[in-house]
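By written order: A, B, C and D. Residues from 1 in each chain.
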Amino acid sequence: MIEGKINNINLQKVYYGMVGGGESSFIGDVHRKAAAFDRKCIIAAGCFSRDYNNSLRTAQSLDISPDRVYKNYLEMAEKESKRSDKIDFVTIVTPNNSHFEIAKTFLNNGINVVCDKPLVTDLDKAYELKKIANEKDLLFCVTYSYSKYSMVKEAKEIIKRGDIGEIKLILAEYLQDWLAEPIEKEGQKQASWRTDPNQSGISNCVGDIGTHIEHTVSYITGLKIKSLCANLENIGDNRSLDTNAQILVKFDNGASGVYTVSQVAIGYQNGLKIRVFGTKGSIEWEQENPECLAVSIINEPKKILKKGLNYLSNASLELSRVPSGHPEGYYEAFANMYSVFADAILYKKSGNTIKAFDFPNIDDGISGVKFIEKCVESSNSGSVWVNF
Amino acid sequence: MIEGKINNINLQKVYYGMVGGGESSFIGDVHRKAAAFDRKCIIAAGCFSRDYNNSLRTAQSLDISPDRVYKNYLEMAEKESKRSDKIDFVTIVTPNNSHFEIAKTFLNNGINVVCDKPLVTDLDKAYELKKIANEKDLLFCVTYSYSKYSMVKEAKEIIKRGDIGEIKLILAEYLQDWLAEPIEKEGQKQASWRTDPNQSGISNCVGDIGTHIEHTVSYITGLKIKSLCANLENIGDNRSLDTNAQILVKFDNGASGVYTVSQVAIGYQNGLKIRVFGTKGSIEWEQENPECLAVSIINEPKKILKKGLNYLSNASLELSRVPSGHPEGYYEAFANMYSVFADAILYKKSGNTIKAFDFPNIDDGISGVKFIEKCVESSNSGSVWVNF
Amino acid sequence: MIEGKINNINLQKVYYGMVGGGESSFIGDVHRKAAAFDRKCIIAAGCFSRDYNNSLRTAQSLDISPDRVYKNYLEMAEKESKRSDKIDFVTIVTPNNSHFEIAKTFLNNGINVVCDKPLVTDLDKAYELKKIANEKDLLFCVTYSYSKYSMVKEAKEIIKRGDIGEIKLILAEYLQDWLAEPIEKEGQKQASWRTDPNQSGISNCVGDIGTHIEHTVSYITGLKIKSLCANLENIGDNRSLDTNAQILVKFDNGASGVYTVSQVAIGYQNGLKIRVFGTKGSIEWEQENPECLAVSIINEPKKILKKGLNYLSNASLELSRVPSGHPEGYYEAFANMYSVFADAILYKKSGNTIKAFDFPNIDDGISGVKFIEKCVESSNSGSVWVNF
Amino acid sequence: MIEGKINNINLQKVYYGMVGGGESSFIGDVHRKAAAFDRKCIIAAGCFSRDYNNSLRTAQSLDISPDRVYKNYLEMAEKESKRSDKIDFVTIVTPNNSHFEIAKTFLNNGINVVCDKPLVTDLDKAYELKKIANEKDLLFCVTYSYSKYSMVKEAKEIIKRGDIGEIKLILAEYLQDWLAEPIEKEGQKQASWRTDPNQSGISNCVGDIGTHIEHTVSYITGLKIKSLCANLENIGDNRSLDTNAQILVKFDNGASGVYTVSQVAIGYQNGLKIRVFGTKGSIEWEQENPECLAVSIINEPKKILKKGLNYLSNASLELSRVPSGHPEGYYEAFANMYSVFADAILYKKSGNTIKAFDFPNIDDGISGVKFIEKCVESSNSGSVWVNF
């Protein structure tokens, strides 16, 4: 068995707190498992729920000292910022509509931020967060974890190297079916808040999964959207937010794209698939089979690249821990993001300032918010083209 | 080995002639092999080339009597129509721009027609052909052969039965890469005429393969396009016709669709893929793997249906000759079309008039021409929505 | 659309007759469609059934003159051999137990033979046929049609070129499920004769499909079996012949192999799959997806080769008619066999004698019969190793 | 997004130590990540290397108190057993040849054991460990982690329920290519010890990966091997242990099986694939695509079951944390094993004794050692059948 490439012995740690993620939370636990994976990030504080007892129980299970469990995020930001052993960063895993105030508060208290996507519910707030982060010289990570799969990195390297030539066409889809039935009426928690404009903002489907396409494509290709034409649909009984959308895109280099997103596409669970076609070749990647990358070069047979094999770039090999054929998945990609973010914090704490670390940052967050707004604007105007 | 379902002993024959399809023709030979497959259709006359010697040699190889080899299609239509053993139908396999005059001539001489798609290069001519065929009470087949794959029929049956509920979303793509390089400049014959507006008409890619999507989707679902928004692109060195297009579609029942077509999508050869999503389930079919059909019903595991197995409908079983697992492909689908068309002719010759035979007919041909026109209109107007 | 490579204009024809293949026959029709495919072979005579009226009706549907329909094969061989326009070859599509007498009769009357596999039911008879064919200088084709798939040929070329190095391991399986239920008791014709030792000989499953593995592996690799160890099983209610077998194999070059065959492997229809591993790489091919060939070279990504693309060898390109992505299947492979056999006959008729034509011949037939005998011998002796 | 099923709030912890797994170890880190995954197991002590400084550095990175870092396992077992906060179990991740002495020592000191597979290098020692564990009433887990994939559990449930009827045929393979080149000569650590009989025992390939087949098949089906016939081969330059093997198997219920294992099968990385065929249906699972399970029931379409969906059994749903479509892989299966083992320890510590916990135990370890011995015995005797 060939060994993995990630260094497993980490002596330096970073400490973090969490807002949201209490007992009944799904995503909070994903973050904690991912952050803990490589033993670089230690959870040390939290305000996990509006229900303080939930917070206390959650903290206990995480071996967090009770004096670092807080009744609300304001108290947490303030008190943590004054501790000598204060948290290095906070992770925000609350519904979309609360991200802004929480993130702003921690930034203003001098604490780096990891925030779930979409970043905020309107673009002005996104820019404001960036402004504060810059002023305070703080790191801000927006958790587009799919760009941290090893083979997404390989795709990026291949394109950067020019292997597929100039990009001409991008086909991307993200198909799910979990909202094919009105489960929000039966109280399913995820469904309830995501279909509720008060918690999700102006979009559900485009906001939740469309932004993953927007980010991952942008990450792989480096292209910027120039204009788009979107059709958003509220499929399902009396829903007020989109569960289905088709988006035509034009990029700054002249390439065209089609983004298709759905939460009602029966037969698909988490079907993010990205295809990029250039003048010399193409790449194809699927999130549900994340360790393979299909590469076609003109007049050559299609090649199936696999995680962890020697012919890959170091950049992608560094994102795998176990040998090829030993599946790494959602948690491991998420862990890669925390690992890089922790490295960035450690690097900065050591007084360095130059190196760029490859984690999804606030500009990625801004881009996602803008994407949501432009899709909604286009669709509400009769699915016309709007400039980005 | 389970036996196939098609009756192999056919005593009654129909006779046909061909216009086009001489020595260097590719598609003419496909038609002849397909027509001969089930021994229902016998080729008996032809005008295979503007070069009479080519025609004669082609005829000789086909055991056609020299007196039924013609110098031009006018002569052929006229002389055949006067024979007591005249051909039952003519197959037209010339470039798009000549279909109209040839088809019209044979119809006016009382001869049924099989014509390659797209039918003609403008819509008025399509309606004119329909008018003549109706007046003359003649059969007209347009060779959208993909709808004669066994599992396409099964998809149609499944949807008709209501298994997937009301259709909400249709995703279809037809991706090829044979025009990724400017092979028309090196004299490749297919590339030369298809990229030439004088022979192809106003569209290359949408006309050649977009129409296959339009037809096959229409065949499977029974839905009509209400409006569309298309972006056509002439990718490739100084080309004047489209080689790439993205088309948003709205259907008469309120469903949405995305059609993506390309002749420059490196890594794809003949990638026609159709996915139809309804309120209860979905179907998925790919031309390059034609004998499988994926069916997903809500809250059930995805099923992979395979040609020739007992759980299929009789309608699809009737379209296969060999048992499941013995691949039938492009020729056999094409042969299914000729087989049904021959049955229709024999039925009509026997004096019957009532039964509907399931072959792609002139209305399908008209629909395709309209689709081309609307796509070009939309794209030329800045990719705006146009009514169908 | 890139054009296919097979020359479609054939002026010279060969004429053949058929023994077996009457109205209710499945495989007879497959042979006739395949033989007719490229218009090189014309059926001209037949004894299609012990029931003369069945023969006459079959002949009528095939446009065979009634004077060339025969009451039995003896009459047919004798009378045809005396005609000036006598058939060039006879195709024998009767149950295994009758192959020997029929083939011998036609050979003795100077007529070339195409015979279904397995060739005969014991090895002495196989050698006797070879002896007669050699003495009479006649061509003998045994219909192992799977070796005529384009990508099987490509596999052979790749191995011959040394791309995968010295062969070390061969894994081959042929899994079907059509005998998972005792359909022979319900009168299913194929099941009835194949499970009947009086018609099939000493083996059903190994004879019917195991021999396809034996031949195709031998064709691709050029290796000879040195010894084998087989376990044959009669799964199913009171069956007297095998429906399931596992066979360990050692080859003359020291390589090892595993052949697994089953007619009761639920979920598989016609799952012939062959994997060959060498010191530098491997190849993998599946009959149900015949137009792809996976090739892995050490330290390189796996490549998926597809029929009809330019990077293939001419040897495999010559076996495809339609462009890559346009599926050719079972019939087309079968047609390739008839096409090559017809070429061989035409070449010989023109007085030439040197060139080797690549069709499965009597040595392949002998090898298959020997394989059956050795598998049965090993299994009956307690699944011990026996020399080949 | 549908939520996962594993309870994420665990208040009770178990503490463990590790022998082996120092700085340059691959598998030690896998164990630690897996044990930490669900926050049930806390590492508290260790003897990670014969090099004490390596041990100390490793311990530091793991936040282990220096007084619980030991110079050798004897000291560790002795001293830990005397602490009031002693470890609940020890994990042994050293080469095969040292498992016995280490495991025996910890058992004799009253400490539960988790041990890598294969358990030991000869069968007597395996029985001895079982005897001690029983006498001391200690839990013993052998890390066959593949049986803890969610869909392996589903396969077991399906078979237990009788969905596929009586088992008749089992086809299993485990193909890798990492030893296709003699990397042990270049000092690759994994290759060095695995190809060395002094560290691996009497088998490399069968011991390392053949045992995974033996265990996983046994787990899924509940069948016991009755006899086997094995061919082991030392492919590769001057190797003294097997890198390739084919094994015919007969089971106690009369079913047959074929196990194929290789470390030199170019193109395969970690290709464990298991197919079980019964009288009513079959299942098929692949480790590299672990979240899918193909199920074929006679006369029904093949179904593709996917992790985390509602139609699955609770038994398999309990083994997934994230919704369907969010890949869980190697680490998560490993974590499932530790989670169940921790539950078993906690249950026992609370004074309970009755409940059976589903982790691979010492009987599974014994079975694996026996399997190795019988394969080697058969192969060394000329690949004859030997009773199990």
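FYI, a contact is a pair of C-beta atoms (placed from the backbone, for glycine too) under 8 Å apart; a residue touches a chain by one contact, two chains touch by 3 or more.
Here the structure is a predicted model, which is why all the values come from computation and not from measurement.
Undergrad: Taking each chain's centre as the mean of its Cα atoms, which chain lies farthest from chain D?
TA: Taking each chain's C-alpha mean as its centre, the farthest from chain D is B.
Undergrad: Which chain pair is joined by more contacting C-beta pairs, A-D or A-B?
TA: The greater number of contacts lies at A-D.
Undergrad: How many angstrom lie between the CA centroids of chain B and chain D, rounded to a whole number?
TA: Chain centroid spacing, chain B to chain D, equals 55 Å.
Undergrad: Determine the centre-to-centre distance between chain A and chain B, using the mean Cα coordinates as centres, and give it in whole Å.
TA: Centre separation, chain A to chain B: 44 Å.
Undergrad: Per the centroid of Cα atoms for each chain, what is the distance between chain A and chain D, given in Å?
TA: Their C-alpha centroids are separated by 34 Å.
Undergrad: Which chain B residues touch at least two other chains?
TA: Counting only residues that touch two or more other chains, chain B contributes 302, 306, 309.
Undergrad: If each chain is a dot and touching chains are joined, what shape do you get: line, ring, star, complete or other?
TA: Shape = complete; every chain linked to every other.
Undergrad: Can you check the complex and tell me which residues of chain D touch chain B?
TA: 295, 299-306, 309-311
Undergrad: Flag every residue of chain D that touches chain C in the complex, lowest number first.
TA: Per the touch definition, chain D meets chain C at residues 164, 168-169, 171, 173, 177, 180-181, 229, 231, 233, 235, 244, 246, 248, 250, 256-258, 260, 262, 264-267, 277-282, 284, 294, 296-298, 302, 382-385.
Undergrad: State the interface residues of chain D toward chain A in the complex, per the touch definition above.
TA: On the chain D side, the touching residues are 1-4, 8-11, 23, 26, 29-30, 33, 36-39, 57-58, 60-62, 176, 178, 188-190, 268-271, 287-290, 306, 308-309, 321-332.
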